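Chain lettering (A, B and C) follows the sequence in which the chains are written, and residue indices restart at 1 in each chain.
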Amino acid sequence: MALLELNDVVAGYGPTTVLHGVSLSVDEGGIVALLGANGAGKTTTLRAISSTVRRTGRVVFDGHDISSHAPENVARLGIAHVPEGRGTLGQLTVWENLQMGAYIRRGGVAKADYDRVCEYFAWIPERRRQVAATLSGGEQQMLAIARALMMRPRMLLLDEPSLGLAPLIVQEIFKIVRAINEQDKVTVLVVEQNASIALQASAHAYVLEVGRVVVSGTSVELQKDEAVRRSYLGY
Amino acid sequence: MLAFIQQIVSGIATGGIYASLALGLVLIYRAMDVANFAQGEMATFSTFISYSLIEYAHFDFWSAFVVTILVSFGLGVAIERLLIRRFEGAPVLTLLIVTLGLFTIFNGVTGLIWGYVFKAYRGAFPSTPVQFGGLYLNTQDLGVFAVVLVMLLLLYLFFSRTKAGLAMRAASLYPDSSRLLGVRVGWMLALGWGLASTVGAVSGMLVAPIIFLDPNMMQAILLFAFAAAVLGGIESPLGAVIGGVAVGIVMALVGTYIPGGQDLRLAFGLVVIVVVLLVRPAGLFGRAAVKRV
Amino acid sequence: MRRLPRVRPELLGLAVIGGIVVLGVPTVTNQFITFEFAKVAIFAIALMGLNLLTGYSGQISLGNGAFMAVGGYTTAILVQRTGIPYWTTIPVAALVAGGFGFVIGIPALRLTGVYLALATFALALSVPPVLNHYDTFTGGHGGIVMPAVLPPFSLDLSQEQWLYYMDSGIALLLFVFAWGVVRSRTGRAFMAIRDSETAATASGISLAYYKTLAFGLSAAYAGVAGSLLAIATSYLNPDTFGLSLSLALLVGVVIGGLGLDFGATDNSRDGSFVSRPTCWAIIWSTVVPACTSAPCPSPASRTSFTGRC
């Protein structure tokens, strides 16, 4: 059952077109990786989903056509987009970031959600009052995911979570992403340049090149296919 | 010596007036990095509305006050939604011109509707002198100051303890990320303008009894309010109040002790602004902004 | 010898026709309108100056009315006190105002954007009371009255016609000069500073020199405008140079090309000076350069709604 479907999406910035007709789908409950080189359009695809870039084509989420929704309405429907650079609300504290995550929930931060988030990220309770911009890169990434969880999303869009982080931390983060997917039943679409770790964590994958999907299949298949790995994934 | 302290006390009292308008400036600057040059004129316009309610519709003061506050809130929201939002993401100069345009329009419309003759305005507080051990104060000044402190407290509570206040802070600092969290950023900005307009209306209604009501009454005060906001830190409500008091004291002293000081007060206001911006641009309570190249 | 830029033939034709129209105006209109057009020319000079400062070097100024005041009062005081011919005071006014602007430009070096706007706003507001105050010098509230201006060499012109030709001629001269500045090394330095101060410094452009130069030039233009205004109206007082004048200048420069009738219509002190002639002055001083100027190098740097550089 496809939770998210993109049909022939064309998107760009001003005079430059970046996506030339992207079609993909994400089944409910799965983790899907979106791979490709720099400039292939991976970030733009996520932006097309969360409606933060001008685009044409159809985007359907949970049966709703969100092609002309505003970003805040897409978020309210249950899509949590953790953007490139994490989108940390730097001058606010850790706790205030989480509060903002729970913005669309009636009644604000629910204790159950907060406890859950502290289970995943044990450092949060003692650093509640710390200004978010002073956290390390890894902590900011974790905070961004925690904040997304506070939205109780149906779907999580992750843009390059491994960017600028040490390999051990990256492993940690993907472990948590898998746990979130399995235990909280959150569908995940993750964009990554680090193809190997993304393929290990996901069940399906798409490869983008110059704004088009060129390869798609299960992650296992893609990992095994030497030709694909060499031409598109760089290893 | 007593005369000196008297000047200081009077200065604090007028400082309350500057602080009240400065609060509105700070609100809009925090919401969207715009110095709203029309703040004073919007305040004047709202005050004239309350004047009409009192004089022609025979409202009593407090009913007029409440109605005016609601109307000015709506006015602020409408201005943001209908006009300012069209210039979203525009360069500084463009937004500045828009607020200057609002300045001119409000000033003109106010003059057109109510004329330029100075009018007496009965305010909230009676004007009875009060004496504290040789120092003369006025109940009106005390009232103004009390109202300013109440507004400051309400704003502080709003920004630090309410969901909407937090969302406004997030929306103004990080509009894109806030949208991804479901915040209707546009309406948050509108809320900011509505609040600023309301604060301005309150300051207008506080000030009018003291300096007589006319379309140009807020222009000098606007200058001192800017000086107060700059001195206190243009993003800090507390700074606005403290800055206002400081500017009030300086102006009282200038008026008394410098020959011809009365005429030169505006020039001194200019000096305060320039000196603060050169020496410590973030003001007393502001954050030093780091510019990324 | 620098090559003169090529002008398209159609524009040349337009300019010739325009020139004939401009020259012929006073012969077909009545004295009042002619006088208004003289004020248009004056206003256009001030706008050109502000355009150099705000449009080309990116420094926002809400206070050019203050520079006009300096120029105007220089002329008025000189004429009234020393009786020298009025036209000799024009370059003096330019120099004095320009020097004043240069000095103002020094603290302005460290102010940008909103803050500079704020400071110049305060400048504009504080000028009339200061002028009022030093009344032995400036004639205070009552202002200064100057002898009426007569056409020279017993030309067969009315006073208004002479003023029109003189002001338009000076405006044209200053327009050519500004045109030249914009296309020179100085102009390019201005635009570089406007677009990115850091990049400009990295390219070896001295911010301090060019930014203060821009202020000085702009003030000199405003000074000439103020001086011509004093000459034209034979009278000025502090209220002539109030806040609305400075605001009108800035809005005029930015709107550039569109007419805007603003200002309280009842505000008779500066109403007639500001509202109607403003439209014409805006059109003259901005549309004409727009037809002949180079295209904007970077769209992002446009500070005028018309997108003109």
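One rule holds for everything that comes next: a contact is a pair of C-beta atoms (placed from the backbone, for glycine too) under 8 Å apart; a residue touches a chain by one contact, two chains touch by 3 or more.
Note that the structure is a prediction, hence the values are computed from the model and not measured.
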item: Top chain pair, ranked by number of contacting C-beta pairs; value: B-C
item: Chain whose averaged C-alpha position falls nearest the assembly-wide average; value: B
item: Chain whose mean Cα position lies farthest from subunit C; value: A
item: Whole-Å gap separating subunit B and subunit C, where each centre is the average of the chain's CA atoms; value: 32
item: Inter-centroid spacing, subunit B versus subunit A (mean Cα positions, whole Å); value: 43
item: Euclidean distance of C-alpha centroids - subunit A vs subunit C, Å; value: 55
item: Contacts with two or more other chains, residues of subunit A listed in rising order; value: none
item: Subunit B contact footprint on subunit A (complex, rising order); value: 50, 52, 70-72, 75-76, 80-81, 83, 87-92, 96, 99-101, 103-104, 108, 147, 151
item: Interfacial residue positions of subunit B with respect to subunit A in the complex; value: 163, 166-167, 169-170, 173-174, 176-185
item: Subunit C residues touching subunit B - in the complex, by the definition given at the top; value: 54, 60, 62, 107, 110-111, 113-115, 117-119, 121-123, 125-126, 129-130, 132-133, 198, 243-244, 247, 250-251, 254-255, 262-267, 303, 305
item: Subunit C partner contacts - residues on subunit B that touch it in the complex; value: 33-35, 37, 91-94, 96-97, 100-101, 103-105, 107-108, 111-112, 115-116, 215, 219-220, 223, 226-227, 230, 260, 263-267, 269-270, 273-274, 277-278, 281, 293
